[in-house]
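As structure tokens, here come the structures.
Both of the next two complexes hold chain A, though its partner changes from chain B to chain C.
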Partner chain A sequence: MRNIRAVAANTFREAVRDRVLFNLVFFALLMMAAAILVGQISIGIEKDVIISLGLTAISVIGILIAVFLGVALVSKEMDKRTLYALLAKPVHRWEFLLGKFFGLVMTLTVNTAAMAAGLYAALWSVKHPLAPTDIYILVAVYLILLKLAIIVALALLFSCFTSPFLAILFTTGLYVAGLFAADLRTIQTIQMDPATLRLMQGISYLLPNFQNFNVMAAVVHAQGIPASLVWNATAYALLYSALVLVTAAVVFSRRNLK
Partner chain B sequence: MAQAAIEIENLSKEYPYGFLHLKKKKSLEHLSMRVEDGEVFGFLGPNGAGKSTTIKLLMRLIFPSSGSARILGKSIDNVSMHGSVGYLPEQPYFYDYLTAYEVLDYFARFHGLAVSDRRERVAAMLKKVGLDTAKKIQLRKYSKGMLQRVGLAQAILHDPQVVVLDEPMSGLDPLGRREVRDIILELKREGRTVLFSTHILSDAEMLCDRVGVIVGGKLRGVGAPGELVDMKPQGMEILFEMPEERPNLLLLAKAAKTGNRFRVQLPDAELYRALDQLKSANAHILSVAQIKPTLEEFFMNLVEADRAQANAVDVSGK
Partner chain C sequence: MNRRAILGALFIVFLAAGFVCVWKLQAKIDQERSAMQLEREDLALRSPGVMKTLSLEYAPLMAALYWTRVVQYYGLKHQMHDQHLDLLWPLLDITTTLDPHLIVAYRFGSTFLSDAPPRGAGKPDQAVALLERGMQANPDYWRFYQDLGNVYYFDKKDYLKASEAFEAGGKFPGTPPFLKIMAAKIAAEGESLETSYALWTNIYQTTADKNVRKNAEEHLRLVKAEMDLRELNRLADEYEKKTRRRAASINDLVVTGLLPGQPRDPDGFAYVIGESGKAEIHAKSPLREDWLRERK
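Now for the complex of A and B:
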């Protein structure tokens, strides 16, 4: 645990010193511009627009960081050979991987929390006081964070055995495919032979189902989010990330460094 | 037989290559050797000979195709063994967003040192490698030599019994090399085992109790530098100056001239006759020394023999 904590803290420090959190400036500017514009051009739906825009921006910025930094977590250490001195210490390779994973998840948590605070500030500026149902924004942000954790785990897995370019490609591809995982499961309405159908459905269960984490419509329209949905999404994200990380650890445990 | 600090048995490493990775290149072939407790062992070889491969195998950065190795009696697969081993990678590179203090503090955490011990050890190491005045500067502003010192500091930070250094003198100026030599000698005085790779033979001759010479992935010789090389003198060398032109002095024909100095090499039997000639010609004799074969010659002979063998295989293969 001590080793994982040390690697995670250093990963977080790297992100801070490499000015990754500067994206918050972009988000703040976006929210300020949105708050000013929405107040002038939309009547009655300012809040909806701000919430949609804010959650989409939190998700997109988070995905970009998760994919690009997630892939760099291992590949950069191998390319720059900073890993050599570390792995010659009494550290298991899986501890290094987990430390990297938690370090980036920590970075994303801080980043996402700051963006959520910015979203609430923008919301308050266009329509205050805030309504009790606005608490659902926090639930949506939490689900986005779970989605990001899965993306980091996937990026980490791919960077363990392929080049950074291919790892970015695979992670992005899997993310896009994961958005349609639920559709693949209900594809039986289309004319298709049973074997192909079963194959498609099998694949759909292997893909990460990112629809599990999308509650934007419910939040925008101030509908309730069932607790069971949150629990299930949490369990799904934990299980899926754990499986991906175990696979990554197995692959990386026998990887020859350059 | 007493337990060796490092024991390597039949260690081989092959790398697959080609589009489908079906071909294999041997990087190390059946390496077996021992590094005894408390000795400084030099691992010599030209670039690409297999020195770094061996060290990376010992540090589990790469995995052997066959064979095994133990450090302090424990298999290299045993991660806890690394608590007693220090390692300096070749051309070390560390997190450049950290300061020297932070990077050492970071590495110290993996050895389970308490906070106070960590601070004490890190400060002592920075002083030892001469970086205490630059400890708050980010490593991205460090020179190659300074990075090498950080590398050395992290290798010995946790008081290891065995220290493995991959090309520790590489990229250092003469002063830096001397400092590294002093650190290696200090480690030896403290009773630690040091294995270091180098292609700078004078360093090996100066520091090592024993050396191992590796060429083309095969170990070609192990022993004390004096044992490896036939130390029987191979003649005499006279260094002298001529105050005036003596074109008829026969000795000058054999001599190599640098400025107004002459250097001539002779068989033992001809020494006194040559000295008499020089005396009668009013030469100023600067030195008379035995010509001894060097480790470098031994090393070069092995490298040339290996290349000749490789060429012969190529030709017959064609």
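Now for the complex of A and C:
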């Protein structure tokens, strides 16, 4: 546990040193521009625009960080040969992977929390006081964070056995496919033979269903999010990340690092 | 068995058990999300122009995706017996803007935009607009005139325009004589069960879309039942003339030799004589609901 914590803390520090959190400046500028412009370009839906734009930006920026940094977590250590020095110490390979995972998730948590604060500030400047239903934005942000955790786990898995470029492609591809996982299950409305249909439905359960974490439409329209949905989405993210991380650990433990 | 093999087996068991749990969780989440009616009922971007711009050079691909969504949307609504097809027009609008040559979208769209609920959206004006757009983008495709004629005939009940549309379609080289026949028949008679039957039969025989064919088949069954009822009422009138009393049941017509046997509707249910003395579809027949709706 101590090893994992040490690797995680180092990963977080490294991300800060690499100026990853600079993206917050971009987010702040975007939110400020939106807050100023929204009154002129949208009539009656200023708040909706701010919330949807803010949540979209949090999601997109988070995904970019999760994919690109997630893939670099292992490959960078190998390129710089720092991995060999680290594994020479009493640190298991799986501990290294878990540490990297938690370190990046920590970075994303700090980043997402800062962006959520920025979103609330922009919202307040457009319409104050804030409505009690605005608390749901936090739920949406939390669900985005869960989605990012799965993406980090996937990026780690792919970076364990392929080149960084391919790992980025695979992770991004799986993310896009995961957005359509639910559609694979409802595809029975189109005429299709039963075997293909069953195959599609089977694949849909293997793919990470990223739509599980998308409550933007509900939050924008101040619709409540049931606690059970949040619990189940949390359980889903934990379980799916665990499955991917265990697979990554198995793959990484068998990888020839010479 | 060595340690490595045991670990490998454990790993596979772990993955299998994990994905079973993922499946169970997903079913719960699906249930909750459908109860919330989340974004599936929402169309974030309703502007076809903006959509086309955002699609960059991939507009046809986007059109294909939107077309898939149109079919899924209609299929799901139909499955859930939901009569509100509010997103059908915006989805078709975007699809045909992204790809103005997607013939199937115009033909499917015009059928289900114009048809009355619960089969369609009951918006024939939008169907006409969609078809006119299709004609402009695909001026050589004569079947749009046939579809336009169908919309005017069945849903707008504008027989002059229906006849004109069939007439215009018939002028294209190589079109079947059916169009000219229909143009003349509608101009002379307006609406008749025989014309409706001929039109639906043609749709049934010529469409490649299974949804459209199924819809035509349902209409055909209903029109056939209407024709049967008309004939039964004619025989009931004849019976009344002969016996000076109205037939109380179909059996009365059989006993007097006016009918060779008990006639049945296309779903196999016997016709009945209602309290008003007119022939009706059996209360248990699946056709009855549609028939009552049409009568209204």
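General remarks:
Throughout what follows, the second predicted complex is superposed on the first by the 257 of 258 C-alpha atoms of A that agree within 3 Å, B and C clash if a C-alpha of one lies under 4 Å from a C-alpha of the other, contacts with A are read in each partner's own complex, and residues count from 1 in each chain.
We adopt the following convention: a contact is a pair of C-beta atoms (placed from the backbone, for glycine too) under 8 Å apart; a residue touches a chain by one contact, two chains touch by 3 or more.
Since the model is a prediction, treat every value here as computed from it, not as a measurement.
In the superposed model, A:N256 makes contact with chain B only, not with chain C.
Touch criterion met: A:P90 reaches chain B, while chain C stays clear of it.
After overlaying the two complexes on the shared chain, residue contacts for A:D18 are found with chain B alone; chain C is out of touch. When the shared chain is aligned, no partner comes close enough to touch A:A195: not chain B, not chain C. Between chain B and chain C, it is C that contacts the larger number of residues in chain A. Once the two complexes are overlaid on the shared chain, A:A227 sits clear of chain B and of chain C alike.
Of the two partner chains, neither chain B nor chain C is touched by A:M1. Taken together, the two structures place no residue of chain A in contact with chain B in one case and with chain C in the other.
Those residues of chain C that touch chain A in the complex are listed here as 11, 14-15, 18-19, 21-23, 25-26, 28-30, 32-33, 35-36, 38-39, 42, 44, 68, 71-72, 74-76, 78-79, 210. Per the touch definition, chain A reaches chain B in the complex via residues 2-3, 6, 10, 13-14, 17-18, 80-82, 84-92, 254, 256-257.
Looking at the complex, you find that chain A touches chain C at residues 182-183, 185-191, 205-206, 209, 211-212, 214-218, 223, 225-226, 228-229, 232-233, 235-236, 239-240, 242-243, 246-247, 250. Residue ranges on chain B touching chain A, taken from their complex, read 56, 59-63, 79-83, 85, 87-89, 91-95, 97-98, 106-107, 109-112, 151, 154-155.
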